[in-house]
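Chain nomenclature is as follows: A, B, C and D, assigned in order of appearance, with residue numbering initiated at 1 for each chain independently.
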């Protein structure tokens, strides 16, 4: 992701010859296709692709290359999206009290694993402020108790002001209102601390304990207006035993949560996900 | 499990000194404790244990050893159970069409992994008859379509006649009536082809496909009158991707199902499970 | 794999425009690309691809389509290979005493998971003969004790006579001679009962026990003249504990072995593997 | 681990009646056994146990309880060890450049998952100094390049001065001299970035890449004078593919390393490990 280049993400109705048309466009302008992932959904008659293109030898300006693709894209009735590399996506992290997911995101960002620029950390509790200060990222405390709609209005104002492209719910214990979900559709990632669709809603570890499951999990998914029902990007599980208390499940589950959200963010930021209704296509790296 | 010996399984209200009392009883009669698993449930104030005892040097007859435990057992207000080793449990396998779980059970039984004696294979479809014949196990075709209660009555009659101790639902696509569940409480093991409590009921792989999960699973559990809600013994998962069709999930899930049911049966037959309300304590081997 | 179509597998030096050229060839003859996997090895400057092409609408005969690709293939300095679908590969299974891998292969073949036609089962011990008979597959007992070279000569004669395309070593406890490896290069698949490169050679479970590992494994790989050093296709692991004896490791390891060899065969037969020196590229399904 | 209590860890030659004797001693003084893990190694004729005892109702002073056990312990020819709870073990972390394992340890310590008191962070490179400063832990830079023996002498002096009970090699890229290993036998934990015994020594991820393995791993083990051959406490693996470069393996492996070392430390500090020659018995929590 550090080379100059482009990512092209595309979905369209399936038909013969799509790969040739797209590859021709790239090769015709001397783009070098270094990675090409494709999925022809035979059940849904749809075509999905992600291309990673080196642009050093392009015979046209990169902007012209992107603009010029429109003729083909429209003829394919495609949705498509280009992204210039290297890229760091502007992301805000929303938190409440627990900090393990935030910590993981900060740590991986610093390490270079997650190409994001964290514009701000927004919390409805002050617990995570020290992490923000240590990482020199602005922290915004937003009260959600007195007037929830006002709280959400304040958050959305912050996100707009900061040109946030990705909203990460890192154990943010609030349900987003519908219009929030619509405004940021496909751009809000949540971590749910269960193996969805099991244990939707509150206290999933307590629910898991009571049900006596032998594996717990965490699910990273896009947020939609349906609670915990958005397209799943990544899931992780961990084996548990009868002697684990709900507190143990919380402890063991943190690993699942941290890994799932880190992978989910990475896939999203690298444009490795394509939302298709209730499902997410993921080309992993 | 091939040595002469005893398994003692016990549960009782927790109190100090239980381990000493039990171990004293064993040692006092020159039993040799080769495996001792214990669980003090601090949340429920209950005590659970499983002991494996070599009886070669007992100073009393094995039957007297078992009978004599009653004084202690009653004083602990315990439920307990002895089993003489080696032991082969009389089990019936109920099937419909698919044979992969049955196959796995037959194969592991022949290999000596599962100490069961399969008294019969009972099917509401004839598909599995050839497996029964090859394994020289009686096959009973029971019609469940014309008159379901009559079908279940016939099955229960077979189970009683054959002194069946364990009923294995190896992809038996019928919901057991309540009185069946009560009669064989704690003695019916089912494999459900999902990661419970996700995707209860019919067509879990189709449900999993539509939900777009990234891991599928299978759950081996005791059957109760609540559909797919009995105590879980074992769960297995397998990673899946967007390109997997429902048919692929069926294929990949077979592995989970086979492993989960084989482990579940093994744990049950080795008395490594203790049912505690909605949960199962499992001391794995 | 049941549709009429073609698989094209190809490797060549990397250069810009390969995807376009190949896709153009396919589209130019009205082939429909339903799956396209590609790997540009930036470290080795090589290009690898696997295409699955529906041929129903080809504007030329399938044979002409394959022949006509030669001009492009040669200009890319490529190694390539077409296979017509549906296809069942002629495979021989070599065994010694243990039958679990053989069983798995027979079971999955019958189920349709493995598109192979098993021409024969060849054993240097008679143990697996009943499985062969039950499956109505010829069994050849080849003595390897008195005169090993003669034994291998006999095996090779059988393989040639039966036009065997794939040799599966399903726990065949003999080291193939170098010239055997050369004659069937890229066409012999072995299952080694360890997580290679750990525990090469004999008694890997005993070695694993003594080393006190916490995970055991199995490795499915192509056989080369270097013992247990051929390109790895698939590996599976299972968690073990201090209380597991070497016999327990054998028991638990069987699962890893069965899964790894079944997946390895499936990938090979579906042309989802490309050997690249010591490594294997695998496009999983 | 936060309740007042004791852990008793014990190993001795196996014989009948050990459990009764130990449990009697505990119960005889009104100790409450809340967890009892036992392992009778039938192959080695040894007995191992770990007991967690609530001491609130002891009829003697805790010190007297521990001292008084000596008569029984000696009669069993046992090695045994008591630890009072709650306990925080004094640990030093040795590092070179990479910080992910250190980070994980600091984070889990702060969270309360690891009951250690980190006395110091010792590095032969200055890279991890900022982490030490942020966590308000002394950082010692020890030069290992000019005079390695002098460097190790300095480290040992620090460890002795600080009464360090546990030495954690958190990607410390130096081989400990034999006398160091002897002085701290059973008290040095290392993380090796491979699935041991595969890829001993330097650059295991590069080795793994070249061998083309399909799973990479990390191993947390006790350090002995034999390089990477000490008793294994925990191992973790992660699936990798042909498209992963050595740099990707480094990235993916970090997860394995972090989890394995965190679990290994936790097991050690909670006295859940017993070293038995080349192997480690681990009673997980």
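Some points to look at:
Following the convention adopted for this analysis, a residue touches a chain if its C-beta (ideal position, glycine included) is under 8 Å from a C-beta of that chain, and two chains touch if they have at least 3 such contacts.
Values in this document were obtained by computation on a predicted structure and should not be read as measured data.
Here A-C and C-D were compared by C-beta pairs in contact; the pair with more is C-D. On a Cα centroid basis, the chain most remote from chain C in this structure is D.
If you average the CA atoms of chain A and of chain C, the two centres end up 37 Å from each other. For this pair, chain C with chain D, the centres built from the Cα atoms lie 41 Å apart. Chain contacts: chain D has residues 42, 243 touching two or more partner chains.
Across the complex, chain C meets chain B through its residues 100, 103, 107, 111, 113, 134, 243, 248, 251, 255, 259, 285.
Only residues 39, 42-43, 195-199, 210-215, 217, 231-235, 237, 241-243, 245, 276, 278-282 of chain D touch chain C when the two sit together in their complex.
Residues of chain A that touch chain C in their complex: 16-21, 23-24, 26-28, 30-36, 38, 40, 42, 57, 239.
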